[in-house]
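The next part holds the structures, each set out as structure tokens.
One chain, subunit A, links the two complexes that follow: it is found with subunit B in the first and with subunit C in the second.
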Partner chain A sequence: MLRSLQHVESHINQCRQISTTSTLLKNRAGKTKSTSNRTQLLTYEMAQKPHHIGVRKSWLTWHSQNLEEFRQSQPLVVAQDEVVRRFIRGFFPQNLVVSGNEIVIKRRGNVLIVAGFLQYSRRLDIRRIYWMFGFAEEFLSILLKQPVKLELSFVESEETVAYNYI
Partner chain B sequence: MIGRIGLGRVIARNLSSTESGIAQKLTIQPAIERSPTELLNALSETVGPDTTAPHFAYIDDPITIPSTQTAKKTYFMAKEFGKRAARELATEWPTLFAFDRDQPRLPAFRPQHLADPLQVDPTEKSLLSIIESREVQDACILYERMRSENVDVSEKVQLELFRLVAYYNSSNVPFAEWESWAGMRNFGENDHSVWNSGGVADLLFETLPKTDETVSIMISGLCKFSDHSSMERARELYKEHRAAKGKIHREAFNGLIGSSSFSVARKLIQEMAAQKISPDVFTFNSLLTAATKAPKFEDRMKAYTEVIGEMKAIGVEPALSSYYIIIKNLVDSKLLDNEKRDNEEKNAAFKRQLTVAVSWLDEILNRISTSKLTPVTSSCNLFFAEAIGLLYRASNEKLAAKLLSIYESKSNGVKMPSFTIESIFYNRYLQLVIEQTASLNKIYDLYTSMVPRLVGVNNTLSSLIYRKISTSSDSHWPLLRRVIIDGITAGQISGVLGEEMRKKLSDVQLHALGTSEREQYTSLVQKLVAVWIEISQFTEEKMRRLQRKLSPSQISECALLLTRIGEQQKAYELLELLLDENASIGEEATVHPKGHARPWAMAELFEDALRQKDTFGAATCLQIMSLTANRTKLEPLANRIFEKCNVNPEQRRIIEGFVRLRPQ
Partner chain C sequence: MHRLTHIGARSKSTLADKLRNAVGGADYGKSKQAMVSGSLAAKDENLKLPYSQGEDFRELYVMPKRKLRGQTQLEQATGRAEIKTRSRFDLMDRLAERPPRSEEMDPEKQKWTDIWPAARTFSASVVPLPVRMGSRPNVEKRAPFKKEGNLELVKIPNFLHLTPVAIQQHCEAIKKFCTPFPPELLSDASLTPSVLPISVQYSTYIHQGTNIRDIRSRVITMIVDVASLKLSENALEKLVRLAGKRYNQETGKLTIITDRCHTRKQNQDYAHYLLTVLYHEANKQEAWAELKERSDNLRVEFDGSTTKSKLEDLIEKAKSAGLKTDEKALAEFGEMWKTYRNTEETAEKTREYGRQMKKMLGI
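Showing the complex of A and B:
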């Protein structure tokens, strides 16, 4: 009898224990902390909640790899997206809007299109912008072995894309 | 119940139709054969070109769309240089770009260095591959290296190399023949080079046996890069070869004909005929080039007629480049310059020649309008630019419209390169139509469809439109607004055109504008004045290069425009700059020390102040006017202030004292 009790105890030890730390059951995604003087800028993208994706706002990457029967190289697409986003963030540091978090990547045929907003208030040198566009397009094309096009539009400053302040 | 009956009927009908379908044999129509681009063409026809969009080479955003010709070139080249920099990086460090998931492997995304002629194996194979890639100078270096290392080069490879170096005169391929970089191809300019004597081509010519082919290649090269000595050498070679009973090829004849006078060229043609070499379009083009050297207009006409007649007799269809040579050289080049036509005789000769040239062009257009145009030589596209130039001189709008319709028709396969020649063509056409048309509506429609997509904004065009607006009895606010906005983007706001903008804006009858147009007027004036003030305030060391100080006349005009839109306060703030001595002295100066306010603008401002019963404003105007007017002129103005405004005795005393102290 006692031997069987010992067995039970060891079994209990192997199972998950009851947690004594404070729990975090709240959904934190898509919730931006507000400020007392309403200075936190929210873009339309940020203002909409995650459950509004596909209803009030759209995806930040567009391709067919997440559809049934089209899944051929989904991890590759995810990796490519990250490469492109990091490159754009690193290459246009002065022109980014909301830290470059809202760059949209679209795949159409063999072409990869990078869309979104850039700002020019810190330095407006159009010739330089053209050089950088040419460089970025060619660099990413050679890197990803497929034509890459930039369809980035310009706003004067980050405030132009503000949807709300909280 | 009714629903059930209805359903039954439908099912019954379907069944009966299925039965009859089985009875009839189904035939599938054969697929209509379509070319790969047919669907795209159909789509393009439905949608049509967007005349307001920028060229696809540019970033489609208002701040990045270029409006002037210079900006178009700068931006296009900047983008291309960016691409070349990235390609250079990838060539230098290919391992960093080794994300090799493409199947099949695409060499377009794997740029590679060209073979270094000093590093590669000195073999015929390497030499042939360099020749194939048309790297002329590299091929020359490798060939010389092989000679110094005593490596034998076969006669066949030597001939290949000779062909290449003679064609390009031992230097690299000119920009116009670059395949991959469109910017360099269109904007790059090569100097006209003369034959590089004593180079690899000469060396190879001495080494190779003197066959018909080698002599022909040499003569063609000497004629292509001709100067006096190379031409003499080419002729001597020809004579020697003929004496040795050799026959040169058609290309060599073409070269010789093109660089001779017309009489010599005729003899050469006869020799060609004797040797039973049939001429082609290039031969006739060379003959036409020879004909252009005749100094007299009548001789040239006769020669052209003869050549065209010969072409017709033989059955060679003239290319557009043939017409280009004719059109370009019909009128004496000395008479084209207005300043050089200093007497009546020359003017009459010019008119006569121009009339003949236009009738020739009319004939040519009639011929080409019915045929399908295809590029034969590289200069075919120049015909359109040259023809519109001639029609512009002759002010012939009707033929210009015909030329444009031929150029834009589907049967025309000869297109001018964008941003360079095509832009000149459309600019000439637009200027011609603006000059010949009285209707501002027509000008507006044409202007908005061409500027800035096809034609860059330029000073001549803008001043032409301002002139047209001044002479026209009607007013056209959308056109004026558009030209001013284009002028702002093209940097025309300082200088003569800036003055023109202010003048035209002050001529606008505000009461004749609609509500939204008046709002547009207000915002345009606000924008312009803000820009002028901002530019005048670039007093820092870094920005001084861009500073344009306000002139007194400019200030008075701006103040007038501001009062028109109801911004009196801003207007008087601006006017006070004229009375502030510090504003025009020292490094911080924003106003030009020289010049005077416009009397008409000041008079209107003064009247406006009186209407408003604004003593301060009227007194400010009086003080500014006193800078140019004497006491007799100022006294009546002062009296009007006393009449119209509520002037207290103290103010009256000050004004009277001020006027009295002015010089008589």
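Showing the complex of A and C:
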């Protein structure tokens, strides 16, 4: 019995092949699904397609590391951006607008500026917000070894940033 | 035995008894109340009493004393309890909310430079301008996206801190640190090389990141007007030989580029050092330098050339033959000959050569 199994195994090994599937030739980026009663909120950022970047909408991160002759630490910038975005998303969970996908990161000199929108419809606690801003700035400054400024402005609710409903 | 009496005591204090006591009179609760209030007499009495007469058992609350959430909800639904409305926990903060600053401010009376002193991200509540940004498929049907909550306005760099008034203020503030540009140089630019013979060029690179330094900013280019060094002919030739390609024959400028040190200051010092060394080396006259012959010259000289001796012979002959010759013409021809021999030959220059020769010989 075992011997026959061994034989089967060796047979399988001989027939091993690379499994392939047909490529999914479908563009999924920038496609939004509409609802029957037009309740899906779209911000301006979502409404414009990826090929409109630089034409109708601008970038979510601004720095000079992608300029010719200034490419000193492009990967570092990408990693820093991700760290900052994740931190803001996790630190202001009640105040996020469109789940924190639209946070603008600008760099000027050695300063990193985080801009965008937060909402206060769920909770408005001014002293707490001041403390959190201070903490976030201090924490990110120490982490990234450069001054970080939060220039996040507050809107009342997500409806303020709504460009369209589909 | 003990156990039995215990049971007996327990059998007496049934729920029915309790109720009876509660309805009938306050007899039952009396001893208990006295216990709770902590009167010594009651305690003494208790100590004396045997078990059968009974210290009552403590109440056991299986259910909590308060009403449960489901219970209150049921009561509220049936209208037996009134619904309490509580104010929001962040009520005070919401009451403290003010209309945006742009509506409160009086744009004509206040100083904009105080509101927006430095570069900052666009803030819709502060800027009192009716701005809109963004594209719409049909602008006449629906206007472009409004100012509040507009991410495009936040993304772009703005120049709200660089208003003409702000720039004027800035200039006035730094005026005391500046000296006026020499007016003589403004009126006559040709004076510049004689007054300012050395010019130093460098580039500063502005970009961002954790490290804002750029290694390219260390390079120094120093351009010196050699004529203002006032070198002798020999020294100048030696300097030209030493400098090599750094010396531009046409403009008479010496260009020294230094980039071997780490900082700009070091490179600038090094450039000045190089110039000093070059100057003193050029002025030195070595013993072997006197062995230089005519053929070692950088440029071909008219004096001592075979052309000159031949021409002089010719002129002598012409004089003896009685022809009229011009003494000055030989010197003029010498100048032309020098440039002709030392620069690239062109048809124009060859024609000029012929013209000068005819003029000199009086043909």
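Quick note on the criterion: the second predicted complex is superposed on the first by the 143 of 166 C-alpha atoms of A that agree within 3 Å, B and C clash if a C-alpha of one lies under 4 Å from a C-alpha of the other, contacts with A are read in each partner's own complex, and residues count from 1 in each chain.
Here is the rule we use: contacts are C-beta pairs under 8 Å (C-beta built on N, C-alpha and C of every residue); 3 or more make two chains touch, one makes a residue touch a chain.
For clarity, every value in this text was computed on a predicted model and none was experimentally measured.
*Asks:* Looking at the overlay on subunit A, is there a clash between subunit B and subunit C, or do the two fit?
*Replies:* In the superposition, subunit B runs into subunit C.
*Asks:* Mind working out whether A:E45 is in touch with subunit B, subunit C, both or neither, as first, second, both or neither?
*Replies:* second
*Asks:* Hey, is it subunit B or subunit C that touches more of subunit A?
*Replies:* C
*Asks:* By the touch definition at the top of the document, which applies to A:L76: first (subunit B), second (subunit C), both, or neither?
*Replies:* A:L76 contacts both subunit B and subunit C.
*Asks:* If we overlay the two complexes on their shared chain A, which of subunit B and subunit C does A:R108 touch? Say first, second, both or neither.
*Replies:* second
*Asks:* Please indicate which partner A:G116 is in contact with in the superposed arrangement: first for subunit B, second for subunit C, both, or neither.
*Replies:* In the superposed model, A:G116 contacts subunit C only, not subunit B.
*Asks:* Kindly classify A:L124 by the partners it touches after superposition: subunit B alone (first), subunit C alone (second), both, or neither?
*Replies:* both
*Asks:* In the overlaid three-chain picture, which partner chain does A:S153 touch, first (subunit B) or second (subunit C), both, or neither?
*Replies:* Touch status of A:S153: both partners.
*Asks:* Given the touch rule stated above, what does A:G134 touch, subunit B (first), subunit C (second), both, or neither?
*Replies:* first
*Asks:* Give one of first, second, both or neither to describe whether A:K145 is in contact with subunit B, with subunit C, with both, or with none.
*Replies:* both
*Asks:* Can A:H63 be said to touch subunit B (first), subunit C (second), both, or neither?
*Replies:* In the superposed model, A:H63 contacts subunit C only, not subunit B.
*Asks:* Touching subunit B in one complex and subunit C in the other: list those residues of subunit A.
*Replies:* Looking at subunit A, the two contact sets intersect at 73, 76, 124, 126, 144-146, 151, 153.
*Asks:* Which residues, counting only subunit B, touch subunit A once they are in their complex?
*Replies:* These residues of subunit B touch subunit A: 59-61, 63-64, 71, 74-76, 78-87, 89-90, 97, 99-102, 106, 109-111.
*Asks:* For a test of understanding, state which residues of subunit A touch subunit B in their complex under the given definition.
*Replies:* Listed in rising order, the residues are 73, 76, 120, 124, 126-139, 141-146, 150-154.
*Asks:* Over in the complex, which subunit A residues touch subunit C? Could you list them?
*Replies:* By the definition above, subunit A touches subunit C via 43-45, 48, 56-60, 62-65, 67, 70, 72-73, 76-77, 102, 104, 106-111, 113, 115-117, 123-126, 144-146, 151, 153, 155, 160-163.
*Asks:* Sort out for me which residues of subunit C touch subunit A in the complex.
*Replies:* It is residues 90, 93-94, 96-97, 119-121, 123-125, 134-135, 145, 148-152, 154-157, 205-212 of subunit C that touch subunit A.
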